[in-house]
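Every chain is named by a letter (A, B and C) in the order it is written, and numbering of its residues begins at 1.
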Amino acid sequence: MQIEIDEISKEFGTTAALTPVSLSIPSGALVALLGPSGSGKTTLLRILGGLEFPTAGRVLFDGADATALTVQERRAGFVFQSYALFAHMTVFENIAYGLRARPRTTRPPTAEIARRVTKLLDLIQLPDIGARYPNQLSGGQRQRVALARALAIEPRVLLLDEPFGALDARVRKDLRQGLRDIHDTTGLTTIFVTHDQDEAMELADLVVVMSMGRIEQVGRPQDIRARPASAFVRDFISA
Amino acid sequence: MGQPFVHKSPIPGLGLSAGITLSMLSLMVLLPIAGLLVQGFSAGIPAFLAAVNTPRTWAALFLSFRLSLVAALFNLVFGVVLAWVLVRYRFPFRKLLNAAVDLPFALPTAVAGIALTALYAPNGAFGQIAKDWGFKIAYTQWGILIALIFVGLPFVTRTVQPVIEEIAREVEEASATLGASRAYTLRRVIWPTLAPAALTGFALSLARAVGEYGSVIFIAGNIPLKTEIAPLLIVIKLEEYNEPGAAAIGIAMLGMSFGMLFVINAAQVFSRKRMAYV
Amino acid sequence: MSDISPSRAFRPAATEAPWARITLTIAVVAILAVLLFAPLVTVFYEALREGMGASLATLADPQSHSAIRLTLLVAAFAVPLNAVFGVAAAWFITKYSFRGKAVLITLIDIPFSVSPVVAGLCIVLTFGANSWVGSWLVAQGMPVVFAVPGIVMASMFVTFPFVARELIPVMVEQGRAGEEAALTLGASGWRVFFTVTLPNIRWALLYGVLLCNARAMGEFGAVAVVSGKIRGLTATMPITIEMLYNEYSSVAAFTLAAVLALLALVTLALKTLLEWRYADQLAATHRP
């Protein structure tokens, strides 16, 4: 799904989290929103997911104005920084949640739900943990379950907020490759937020460098490295 | 009461603190309860059972328990909603309202008792309205119910509020991103999180209501077999110098109290195991 | 560049629709007004039914006087004694390691789950004239039941856990490090207590004493059983309220009730103040 961000701005009270930004995201791309804290990257992600409403501007999904769509209608899979798994449900129930929450008319039958959940558990390479509870899982496992849960609803776009932030270095490396693999398998437009420039450069097809509510530069990792558009980008990349 | 095995410690005051604790506990709590048990069973188990097993006693125990259950159920529903409104919504005087919820804890029961009676008696502000509609509240079981709701009001709210405060917004947002309606989220994500605390509050409210005396005896009417609560029956037996009879009912009530305490604790242990947060 | 005119207003994901919020808020406030505020207002309304003058005149009555005096006397004994117990028990439980702490805490909590009437009954059966402890005491000229000591004991029973329950979680959280440090610096036990422990727990202690006092002054069921309701001798304020009410002395009863209601409001205000200023040093704001 192609995403068009058209002059989106966001103010919280008197603070401008996002000055008007525009961005074109090609369908199927793996995009990194890269920047320090306070750069507006998470705000932009949340606006895409429908969790925040922009003060001005539009979001277009495949050319259609999606700005006014509710969160539920948007079908934007979201993986939170804290994973936000449902502690009182098993891994299976977490992943099946989105499918079970659908109104009866669109809900798949139970057997179908089970089949899809099993397939997703295989995709995240954790086929045996369906009966466990989130508090019995490691950080890396929880992250993958959160990913599977978001994928279960067959989203049009996948949004991840600092997906590797809470994990230690070794686990992070494995999961980075895992995300790349899943992206390649599903072909979904995927956007993730990070402050880690190694991560962004290594994983993404397209990197969006942000600072203080503005987009500093957009481009492929090698292009940004070769030709940083400003002093900020140059310093941030080399840091 | 045996001496617990205490590890040696450089902190002084063990003897004094242990001594004060154990002796006061024994004198003020354990001894009186032992006294109750001794007196209740002094004439043997058959006599105890005979004292408890009368229609009047059963009616009183049953009445206390049944009305307390209904009151606690009301408090469960209302208490959860109240807790939600106090934590999640913003409106004028919210902080004042929050403090006021503790009023039933702080207000003496006799004061509540006469106030409620004045309010719901046929010539009272609310009693008048009821009369116009053909109801009678004071001196009936409805009056008792209202009094029991009053005394148990804060329990559910106070146990649930901290849990609501701890709910991470992201979990609710996650549910929405997965396509769930707000109602579904409340039912499948929020309520299960609140349930253990709500049930604890429910049990506390129930336990309090079953033993309540001061708030109820003014509004109750106190007709044996109809509106006579168990604690009143104990008082009556004492006035008749029937100490073993009073003791028997007291032991029955004590048994109910401890039963509920056990359920509360079991529920808390169970919920702690299941819900260790991610 | 376009301005948004969405087809429906944006609502954050983690909240209900505005109509639901408004309806719930109004419903809750209305129910609280009926259940909580109406009785409170009634107390004052009935007390002042014949004017402020008549109301205050009833307080000058010897019966009311002795009721107030007795209530204050009972609290003056019961509250400090329970405070001492609370501090001792909290010290014992939190500064030392031993098995059976959970049992001990459960035992201390027993009065919470006992009906006040049963509490009074226990005191009567154990210390009354028909028990061998009681008959011995009566022989010594120290009757407990139908006398002031019995009322003090009954009040202590029902408020027994209050101070301990406030102190224990706070002292657990504060740990032993402070006391241990003071000891290594050469301080004696009492010095450690007064200069390290007490300052740390003073707000929790005050909070517990506040609740204990409110309950002790307002206790009715337990005292009704124990006191014998002897006018001028063992009739506390709540008991006197009952007696006056049953004699249809409505203004007098409600006036005394209003005094207690004012005490309740002051207690609530102080409680809220403590919770607001010293939240991190109170168990009440910390319950798991």
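Convention: a contact is a pair of C-beta atoms (placed from the backbone, for glycine too) under 8 Å apart; a residue touches a chain by one contact, two chains touch by 3 or more.
Remember, it's a predicted structure, so these values are computed and weren't measured experimentally.
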| item | value |
| --- | --- |
| Chains touching both chain A and chain B | C |
| Relative to chain A, chain with the most remote C-alpha centre | C |
| More contacts between chains, A-C or B-C | B-C |
| Per-chain Cα centre nearest the global Cα centre, belonging to chain | B |
| Interchain centroid distance [CA atoms averaged], chain A/chain B, Å | 48 |
| Chain B and chain C, separation of their C-alpha mean positions in angstrom | 15 |
| Distance between chain centroids, defined by C-alpha means - chain A, chain C (Å) | 53 |
| For chain B, residues that touch 2 or more chains besides their own | 173, 176-177 |
| Per-residue multi-chain contacts in chain C, two or more chains | 13 |
| For chain A, residues contacting two or more additional chains | 50-51, 71 |
| List of chain A residues in touch with chain C within their complex | 6-7, 20, 50-54, 56-58, 67-68, 70-71 |
| Chain B - residues contacting chain A, complex | 168, 170-171, 173-181, 184, 188-189, 192-193, 274-278 |
| Complex contacts: residues of chain C adjacent to chain A | 1-4, 6-8, 10-13 |
| Residues of chain B defined as touching chain C within the complex | 4-7, 9-14, 16-18, 20-21, 24-25, 28-36, 38-39, 78, 81-82, 84-85, 88-89, 91, 97, 99-116, 118-119, 124-126, 146, 149-150, 153, 162, 169, 172-173, 176-177, 182, 207, 210-214, 218, 231-232, 234-235, 238, 243, 246-247, 250, 253-254, 257-258, 260-261 |
| Residue ranges of chain A in contact with chain B within the complex | 49-51, 71-72, 74-78, 80-88, 97-98, 101-102, 133-135, 142, 149-150, 152-153 |
